[in-house]
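Sending over a structure as C-alpha cells; questions will come in a sec.
In this document, chain identifiers A, B, C and D correspond to the written order of the chains, with residue numbering beginning at 1 in each.
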Amino acid sequence: MRKLRMGMIGGGIGSFIGDVHRKAATLDGMIELVCGAFSSTAEKSKASGKELLLPEDRCYGSFEEMILKEKELPENMRIDFVTIVTPNHMHFAPAKLALENGFHVVCDKPMTLTVDEARELEKLVKSTGLLFALTHNYPGSPMVKQAKAMVDNSELGPIRKVQVQYLQGWMATAVEDSGNKQASWRVDPSKSGVGGALGDIGTHAHNLVEYITGLQIKELAADLGRLGKGRVLDDDGNILLRLENGAKGTMSLSQIAVGEENNLSIRVYGEKGSLEWHQEKPNELTTRWLDRPKIIFTPNGNSLSPISLAASRIPAGHPEGYLEAFANVYKNFATHLNALMTKTEIETPDYPTVSDGVRGVQFIHAAVESDKHNAAWVGLD
Amino acid sequence: MRKLRMGMIGGGIGSFIGDVHRKAATLDGMIELVCGAFSSTAEKSKASGKELLLPEDRCYGSFEEMILKEKELPENMRIDFVTIVTPNHMHFAPAKLALENGFHVVCDKPMTLTVDEARELEKLVKSTGLLFALTHNYPGSPMVKQAKAMVDNSELGPIRKVQVQYLQGWMATAVEDSGNKQASWRVDPSKSGVGGALGDIGTHAHNLVEYITGLQIKELAADLGRLGKGRVLDDDGNILLRLENGAKGTMSLSQIAVGEENNLSIRVYGEKGSLEWHQEKPNELTTRWLDRPKIIFTPNGNSLSPISLAASRIPAGHPEGYLEAFANVYKNFATHLNALMTKTEIETPDYPTVSDGVRGVQFIHAAVESDKHNAAWVGLD
Amino acid sequence: MRKLRMGMIGGGIGSFIGDVHRKAATLDGMIELVCGAFSSTAEKSKASGKELLLPEDRCYGSFEEMILKEKELPENMRIDFVTIVTPNHMHFAPAKLALENGFHVVCDKPMTLTVDEARELEKLVKSTGLLFALTHNYPGSPMVKQAKAMVDNSELGPIRKVQVQYLQGWMATAVEDSGNKQASWRVDPSKSGVGGALGDIGTHAHNLVEYITGLQIKELAADLGRLGKGRVLDDDGNILLRLENGAKGTMSLSQIAVGEENNLSIRVYGEKGSLEWHQEKPNELTTRWLDRPKIIFTPNGNSLSPISLAASRIPAGHPEGYLEAFANVYKNFATHLNALMTKTEIETPDYPTVSDGVRGVQFIHAAVESDKHNAAWVGLD
Amino acid sequence: MRKLRMGMIGGGIGSFIGDVHRKAATLDGMIELVCGAFSSTAEKSKASGKELLLPEDRCYGSFEEMILKEKELPENMRIDFVTIVTPNHMHFAPAKLALENGFHVVCDKPMTLTVDEARELEKLVKSTGLLFALTHNYPGSPMVKQAKAMVDNSELGPIRKVQVQYLQGWMATAVEDSGNKQASWRVDPSKSGVGGALGDIGTHAHNLVEYITGLQIKELAADLGRLGKGRVLDDDGNILLRLENGAKGTMSLSQIAVGEENNLSIRVYGEKGSLEWHQEKPNELTTRWLDRPKIIFTPNGNSLSPISLAASRIPAGHPEGYLEAFANVYKNFATHLNALMTKTEIETPDYPTVSDGVRGVQFIHAAVESDKHNAAWVGLD
C-alpha cells in the first residue's frame, strides 16, 4: 500500500473549505496532497502551493492544465484523483474533464448547477468505472451512521415523520457588501446556481434525510425567502416534504437566522421509535421509544452498530467533530479506491456518490420551481 | 378582598385536566372551588364533589342546572365565575349560558367547534362586559413572558422567521381502542370538532407564535396526517406559516411522534436577535445575537422584564413548571376580576381572551381547509 | 375524610418559605391552613392572617399562645398539626410544645440547633406516638424517588462513590448588610446555629445522599470557608465523605458561588451502574451502565418504579418543579396522618422524619468540628 | 519554512495514544513523522513503521538507537525533535537522552516517575535551551483558553473556589485481567509509578486548575480508593484543595465511575463571575455573573479573547474536539520551534512545559503521601 495522490482544484490559502479538505483528506494517513490548481491564476496558485510546501512545478494555473499535465507524468508520480473545492459553477467542468482523463473524483456539493450536468456526470462515472465521492460530510459522523443503521435494522419501524432544519445566521446582515468572499459568490447566481441557501445548506439537509431514512423525498412544497437587501437567491426557506413511503415532514433552512452558528438538526419518527441528532453536539444520538425510556448513544460507546463503530477513531468520551466526520468521507473513498487499485474484494464503503449528487441538484431545482408557484407541490425526478 | 368563587363544568374525578384546573385555580389562594357540574349525571357529579369535599347541594347534574341555580343563590354565596373543562363540543353552550346569566367565564381551548360560535361568544363578552379567559397555559410561563417582552421592546428587531413544533407520542398506537378516555373523545369529530391534533395541541402552538411575536398568522398551508388506523381526524401535521408582517415559518404538530412527551418548542428570529424556548425545560430562555454570545435567561434571574418577574413565585433556581404557568392564567384573571368587582383601576392583566379563542378556531378551520386542497394557502380570517 | 387542619408558626407575609409551605401544604386539597402565629407580635401576625383571609381570632401572637389556645378549641375546629417555618433557633421550642400538647408536627430543617435538642425531639416523638415530618423537599421529587428505588432494587450494585454539591451564589456579596432578611438571620449564629451554609443547604445535600443510597455517612473531613467579610459562619465548604459501607465521596457547598442559583446535584456510582440528578432540571434522571448506553428517565415516563410514579401529578412532559416536590412531603405526611386518625393500615408513606432531623444536626456539628481541626476526620454519631 | 521532522518513541500500531499523537502532530501540516522507535523490538518497530509508510532504516529497535543514529544523519534529514508516547516509566530516560543529544522533546504526562527525575529534566531544559512540551491536551481547547483569558483579565475577580472532576468508568471491572493492555500497565506500579488514576487523569485535572486559574495548588488532602480487586494503585480519589491565594476546592477522580466515558469538568468561582467547562461538550464555555444572565461562549463565536480565537480552525458551529485540542499543543510547540530555528522574535506560544511536568509529578506524590496519612494535608513543593 502507498498513500493515494490527490490534486486539488480550488482551495487556495485563505479558503475555509480548502483547508478543511486538506486536513480531512490527510487525517488518516491514506492520502497526500501532491499538486493543485488552487486559484484562477498561475501566480496565486503557486503562492498557495508554496505555503503548502508543494513543489512549484505541481502548482498549476488552471484545472485543465493540471489534469492534462498530470496525465503525462509517470504513473508512480501522477495523481490518483482530483478533489474539487471550487464554488458551485466550477464543479462540472473539472469533474467532467477529470473523469474523461481517467482520474477519480472527489467533488464538493452541490455537484453541478443543472440537473442535466448532474446526469451527465452520473453517466460518465458509470461508463468509465471511475470512483466519485461527493463531500456531504455529515453522513460521516458516527452518530449519523448509528441512526442510519437503526433505521436499516427496522428498530424504529416504518418511518412516519421527519423534521430537519439547517439554520445559520452569518448572512443575517449584508456581509457580501463588506468583502466577505464566502458570501459574495454565494449570492451570485452565476456562481451559486439557482439556489442560494438551498444549494449551500439545503442539499446537506436533503441528503441527511435520505441517508438516514433510506427513503427518497418524492415531492416538496417550498416557500423561500430572500431577506437580505438586494438578494436574488434564497437565504431562507420553509419546505413541506413527502417521502416515497408516504411519510411527511418539514425542512427549515436559513442563513439569516441571527445567532445560529451551524445548526443542522434532524428528528425521524417511526412507528416504534424515533431519533434525534444535532450537528453542533454530534457526539450524542437521542432515541425515544414506545415502551422504554430515552436512550442516548455516544461514539464508541455501548451497543453500537458496526458502521458507527468503524467511524470513530478514539475512545468514547473523547469528542470528535466536524473534521473527523469529513475525514470519514475521504477515508471511505480512499479505502474503496485502494481496493479497486489492488483488485481486492471488499464491501463497498459508505460514502456519498454521484447519484447523491444528482438527487441534491434535483432538490434545489424542485424547491425553486415550487417557490415560483407559491409553494405548489413539485416532484423530485 | 375575599376569595373568588368558582364553579366547575366538567372535570370529574379521574379527569387529568379537571385536576390541573383545580390546582392551578387555587394555587395562589385567590380562588376557591364552591360548586360543580362535574359529570354528565347528577350521581357521578355528586361522587366527584364528595371527593372534593364539596357540599352535596352544590354538586349539579348539568351545567344548565348549575348556572341557573347558582344565579338564585344569595350574592355572598353564589359563584363569581364558571370554569369550563369539558371536551371541545361542550364549551360553547355553557360559556354562552354563563355569559347570558351574568357569570364571568374561564374556558378551555379550543374555544368552540365553529368560527361562528367563537364569534358569537366574542360578541357576548363585548356586550355583557363580563370577563373571559381562555386557558392557554404556556403564555403563563415566566420565560415565555420574557420572550414576549423582548420582542415588544424591539430587542430582536423586526421578526423574520418562526419555527414552532408541538410533538407528542401518546397516540402513536391505537390507544383509543383500549379504553383511553382522553384519546377516545379526541378522535371523535362530534366531540373534538374538525381538528384532532390541530385543536388539541395546534391551537397552543398557534397561540404561542402570536403571543410572543405580537403578530398574526395571516395564511397557512397545511399537510395533515391521519396515521392512526381508522382515524378521521388529523393526528399529525406539517404547516407553512406566513405572518402579517411578511415573516414566514413552519409549524410541526404530532400526537404520533413516538417517545415525545410534550415537546412544545419555539424559535423566533428577528433582524438583531433570536430566541428559543422549550416547554419541557421551561426555566431557560436562550437568546442569540448578531454580535454578542448566547445569553440564557432564567426565572427570577438577572436582567428580566417586569412581566416575567411578576410571573415567578419563587427564587431563581427553584424550578417552576406546568402547573405554575397554568396558575398564572387564573391568577391574572382573578386579579382582573377583583379589580372589576372593586372598581379598581389597574393595567389589564396579561391572560388569553375570547379574541384569542376566535383566532384559535380560525386556525383549526384554515388548516383543515388547506389540507383538503393539497396544502393550498388559506387565510385566517 | 376531611381536610386536615394546619396551624403555621412563622411564615408571615413576605417570607419566601412561608408562602412555599402554604402552597405546598394545600396543593393536593388534603390540608387547609386554619390558624397561625406568623410573626413575633400579635399585630403583625394578624396582618399576615388578614391577607391570608384567616379569621382574626385564629391569628396568634406567639406559638405558645397558638398551641395552648388551639388545644382548648372543640375537636372539630382545632388544628391537627403545626408546621414550623421559623428560622433555625425557633424550631425546637415550638416543636417540643406542640408534641407535649398532642399536636403532630411538620418542621423545617435543620431541625434544631444542637444534637441534644434533636435527640430530645426524637424521644418525644417516640413516646407520644405523634407524627413528625421534616421538610427536606428534594426527596419529594419523582426522579429522586426513582433514584432511590433503583439503588434499593440493587440495579446499581453496591455503591462505591458519591458526589454531591449544593451551590448558590446569592450571598456572594454582603447582602446581609443591605437589608436582606433571608441573609441576615442566616449569618447570625444565635439564629442559625453553629452552621451557616452547612445548615441551610448542607443538610439538604447530606439528606439526599443518605436518602438515595440508603447508607449513612459515617465520617467526614470538612474544610469550610467564611468568605463574606465579617462572617463568622461558613458560607462555603469542601468535604470528604466516607459512607458506612466503605464508599467515599465529596460534598461541595457554597452560598458564594457567583451566578449559581440553586444547583443541588448528585452523582452516585455503584458497581454495575450509576445515576445523576440535578435539582435545577429535576425532570430527568440520567443513568449509566457497564454494558448499556445512557438511559434517561422522566417523571411519569416509561419503566419507572411505583414510588416514582406515585410522586407525579401530571402526564409525562409536563414539568413539575420545586413546589410539587415540596407538596409531596406534605401529601405523604397527610396520607399517614389520615391513616392514623382513621386507624387504617397502610404502608408507611415516604417522607423525612425526626430521625432524619437528628442526622442532619449531627452532620452540621461534625463538619464544624472537623473544620476546627484542619479538616480532621470526625464521625457522625 | 519546512515541515519539522519528528521521531516517535513508543506508539506502535494498535496503541491508542500513538495514533492520536501522529494525527495531532501532523494535522496542521507543520510536522512530519520521519522515524520511530515504536516498540520494544526492532522487528515490531519495523512492522509499525511499514504500516506508517516509513522507510525501514528509520524504524529503530530502541530509543537509544534512534537518538544516536539520527544524530549522525545529515542536518537536512535528521529529526528536529522526539515525541515520547510510552508508558510512564519510559518517559525520563528517552527525554534525558534526547536533550543531552540536542533534540527538542515532546513528552506525554505524567512526565516522570519521581520528583527528582522531573527536576533533572527541568534543569536540562534550562541548561540546553532546548524546547520541551508536555502533552496536556485540554489546555489546547479554545474554550479552556477563553476561560484562562477571562481569569487573566480579572473578569471573574479573585478566585475563591474550584471544583474539578475527572471521571471514567472503563476500569470499573478487572479489565486488566482480560488482556486490556491500556489497563495492565496502568495498574502496575513499576510502569505507572506511585499513582494510578492520579497519574493518568489526576495530572490532567491538576494541570487544568493551575492553567485556568493561574494559581498553584499549595496543599491537598487526598482520600484515595483502590476498588478494583487486587489493585495496589489508586483507581479513585477524593481530594480537598487549597490554592496559593487562599481559594479552596475539591477534586474528584475515578476510573471506576461506571458509565462515565471521559468526564473532565471544571468550575471556577471568582468574586464577580464564574465559569464552567465540560470536556465532553468542549464547544461551550458557560459563565455566570453577579448581575448579568448566564452567557455561553462558543469557539470562533462572538466576544472571544485572541488566544481562544487562535485555537480554533473552523467557523463557529463546526465542532472541534479532542484531536483538534491535542493538535494545538503540537502547533504551538512547532510555532515556537520554527521561531527558534529561524531566530524570529515571537511571543512565546502557549503550551505546557517541563515546569508543568514537575508540578504534575509533585501533585501525584503529594496525593499519595496524604492518603497514606489518612488524608492529612500535604504541600506541593
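A few notes on this one:
As a working rule, a residue touches a chain if its C-beta (ideal position, glycine included) is under 8 Å from a C-beta of that chain, and two chains touch if they have at least 3 such contacts.
As the structure is a computational prediction, the values presented were derived from the model and not from experiment.
Touch-path distance (fewest steps) from chain A to chain C is 1. With respect to chain D, maximal separation of chain centres occurs for B (centres as means of Cα atoms).
Chain pair with the larger contact count among B-D and A-D is A-D, by C-beta pairs in contact. One inter-chain figure worth recording: chain A and chain D are separated by 34 Å, centre to centre, where each centre is the mean of the chain's CA atoms.
Centre-to-centre, using mean CA coordinates, chain A is 43 Å away from chain B.
Taking the mean of the C-alpha atoms as each chain's centre, chain B and chain D sit 55 Å apart.
Looking at chain B, residues 260, 289, 294, 298, 301 sit in touch with two or more other chains. Residues 156, 160-161, 163, 165, 167, 169, 172-173, 221, 223, 225, 227, 236, 238, 240-242, 248-250, 252, 254, 256-260, 267, 269-274, 287-290, 294, 374-375, 377 of chain A touch chain B in their complex. Against chain B, the residues of chain D that register as touching in their complex are 289, 291-298, 301-303. Across the interface of their complex, chain A is touched by residues 1-3, 16, 19-20, 22-23, 26-29, 52-53, 168, 170, 260-263, 279-283, 298, 301, 313-324 of chain D.
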